[in-house]
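Chains: A, B, C and D, in written order; residue numbering restarts at 1 for each.
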């Protein structure tokens, strides 16, 4: 009985849906606020993401003629579910719902589901903007995913474990892996920006080019789910990087683990916000070029060096 | 790869004004484009015939909300020529001052729009923030942020006293610092260059064939500028350089426009420090003697031509407006052939379309 | 209770879609100006959306010309309910200076039901904020 | 190498400066609005000074002023704010200084007919 209750609690409250929702809204607000501040503006009030979400949920849900009804409804839900499941394996403040040897692979797999769903959403839609956006998102997926995976395998190889919790725990005894592998950390950050489709890699949803990409024809509840997926994905991605590169929540320090974890997450969030204000959006062929000619070789070199040092 | 047709517009985030494109695309490569305009055609030339010369000053101000002052300047200049009026120098100076301020405002606005199209929101925000300085100066002078109503037939309705001139000069210094920053950014910043270099190329030969004018022509090495070639208003008393570049792509156009902004700032300083004393207007009769006139000026987007014919009444018999955007619109088909779909907004921004001007 | 929360959310997060049905750019530029540092309407939760499907408030500028009438109607129909229309500037209120043009049908209210009229030529950004605030009070 | 890095992180120093400057954003609508004195806004007409000559209506580019005259002393001057171009031509055309454009904007209205109003009404019966 208590077993079930704890599972339910983990799913719905912590670190499941409730906690992630709160984090997603807070992170979104901080992100928008920071970006506004860097641009010399004031930015939205704290309740803004919540108001946006409620409003979208309460809006009429228009389905354009010719669109696949089941797919349109299922895709945002599948991607949200995948992201939420991935969150179960990521330790937050020294507490984790589920863990086993190899959960890093599962998390990475689950995190790539939204990208595929995003592509399918564009492909099955009736709008040409969505089709173009969908094909762009697939191309982008191939560009960032490989360097991202190789960069994340660095910590795993170095700690000799494919479990996120164990990698994080090992760092609390030694030094943060971001200091050992600064290049890997940077590559993972770039990969994360690509994964989250944030500026400057917001190519599949480029506003001035293809309206809103695959989401052009989505409205109301489904749009809200897509937005929520993106924002929770951002939270999960940031938490993942904190665990892999910044030592998670350092146990053994006097400050509570959750607090220190939060500060690290905010640091990564800040870097994402600055990056999105710093650059112009790239073209998809430029991203593919950077991904395969710069990021992938660097990640490969990093990985080989890690194996050579770590294994030797 | 199958060919698909992408409609762009009339409502599209890359277009502030309605304009419609049909792009035939293979993959991400554009094969063909078909342009359709006329969504903002309001029949302005006909409206002008229904109103008297005084009313028309305000009607032509609303041809375009970005370069409103240059339209009234061209119109008033034409009517003054028909009437044979000698406009007092102080009025000419103030008129030119607003023209140059408007050029700064238009170019900064354009820089912001280009930055937004390439996803560089920060530059959009910065450029528009600094544009507010110019808008403030213009509003202080004339009472309107966009529609100034500063020109009247035979002079101007605005004035600036000495304290005012000093405060404007101070703010121009602030503005110049900001614009130098943009200039440096355009020269150095990598992602900006990645998106603008080599995009929307027009050769000098193409420019001549399509009769393109303004910054777009000057960026391809065609050295035309009416302010120097056929000086009107107070330009004959001013020292300035005509900025040109050789590359002919969007990046070169950006450079030309930003450098022109700095040149305009220098011109504003000259105008303000040398502002002659004297009356602001001469009395203009309401009826205009029969005749016809062509009035030409250099708008922010290039050469603007008004043809006015009078039949002796208090209403013009014909007003014909030829705007600079009309010439650049034709080049779009050439520019869009073969580019990447992501570059469409960049190309559109690069030529600085003003559909409200072109459609009227 | 639920209704009150929804109404609060709608009031705090009006996403706008801008359509120029024949205006001179003046008001369009002032609308765009709302997003920039001086006025920054993101403070009020206003975002400029690209797709009609995501928008709540349609900001129309300019008189309706014969060519853009059908487009305007189509864009209005694409916006999911609940939706509102704001006529920005004198020309979109009544046709303004262009009222007697042969290609001009008149104000936006000839084609769509308008909720708030914002006069001005072009209307100041402050007037626009005032108009939007008035609209939000009505929600 | 350093200039390459600078071209990649060009805006960072600008951002740093931004953190220590206050945004230029106006406080309105959360604070009362102060419009500059030179702003050309709402059209006001002093009924005492108006003689009903109709010069303003003649020169209005948007036909926003309408003069309904029945006799010399019996007229109504109507102004439509929803047509007005706020250009100030009526102020310039008025020979009696009755029209002023004041520094406030016309508030938005949910009904269009509330934007037009009778500015001057003279119903003097002719003696």
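Criterion: a residue touches a chain if its C-beta (ideal position, glycine included) is under 8 Å from a C-beta of that chain, and two chains touch if they have at least 3 such contacts.
Only a predicted model underlies this, so the values are computations on that prediction, with no experimental measurement involved.
Undergrad: Could you name the chain whose CA centroid falls nearest to the centroid of all protein CA atoms?
TA: C
Undergrad: Using Cα averages as centroids, what's the distance between chain B and chain C in whole Å?
TA: Centre-to-centre distance between chain B and chain C: 26 Å.
Undergrad: Rounded to the nearest whole Å, what is the centre-to-centre distance of chain A and chain C, using the mean of the C-alpha atoms as each centre?
TA: 35
Undergrad: Can you check how far apart chain A and chain B are, centre to centre, with Cα atoms defining each centre and the answer in Å?
TA: 44
Undergrad: What's the distance between the Cα centroids of chain A and chain D, rounded to whole Å?
TA: 49
Undergrad: Show the residues in chain C shared as contacts by 2 or more other chains, in ascending order.
TA: Answer for chain C, listing residues that touch two or more other chains: 36-38, 40, 43, 50, 96-97, 100, 121, 124.
Undergrad: Do you know which chain D residues sit against two or more other chains?
TA: Expected reply: 10-11, 23-25, 39, 61-62, 85-87.
Undergrad: Going by the contact rule already set, what residues in chain A reach two or more other chains?
TA: If we look for residues of chain A contacting two or more partner chains, we find 38-42, 207-208, 211, 277-278.
Undergrad: In graph terms, with chains as vertices and touches as edges, which category applies: line, ring, star, complete, or other?
TA: Here the contact pattern is complete, since every chain touches every other one.
Undergrad: Quick one: which bits of chain D touch chain B in the complex? Just the residue numbers, please.
TA: Residues 3, 6-8, 10-11, 14, 24, 36, 38-40, 58-62, 85-89, 92-93, 101.
Undergrad: For the complex, which residues does chain A have touching chain C?
TA: Going by the criterion above, the answer is residues 32, 36, 39-45, 47-48, 50-55, 58-62, 207-208, 211-212, 215-220, 223.
Undergrad: Where on chain C does chain B make contact in their complex?
TA: Those in contact with chain B are residues 17-30, 32-33, 36-38, 50, 52, 62-63, 65, 67-68, 71, 75, 96-98, 100-104, 121-122, 124.
Undergrad: Using the touch definition up top, name the residues of chain D that touch chain A in the complex.
TA: Those in contact with chain A are residues 9-12, 15, 18-19, 21, 23-25.
Undergrad: Name, in rising order, each residue of chain A that touches chain B in their complex.
TA: For this pair, the touching residues of chain A are 35, 38-41, 128-129, 131-132, 136, 199-200, 202-203, 206-211, 277-286.
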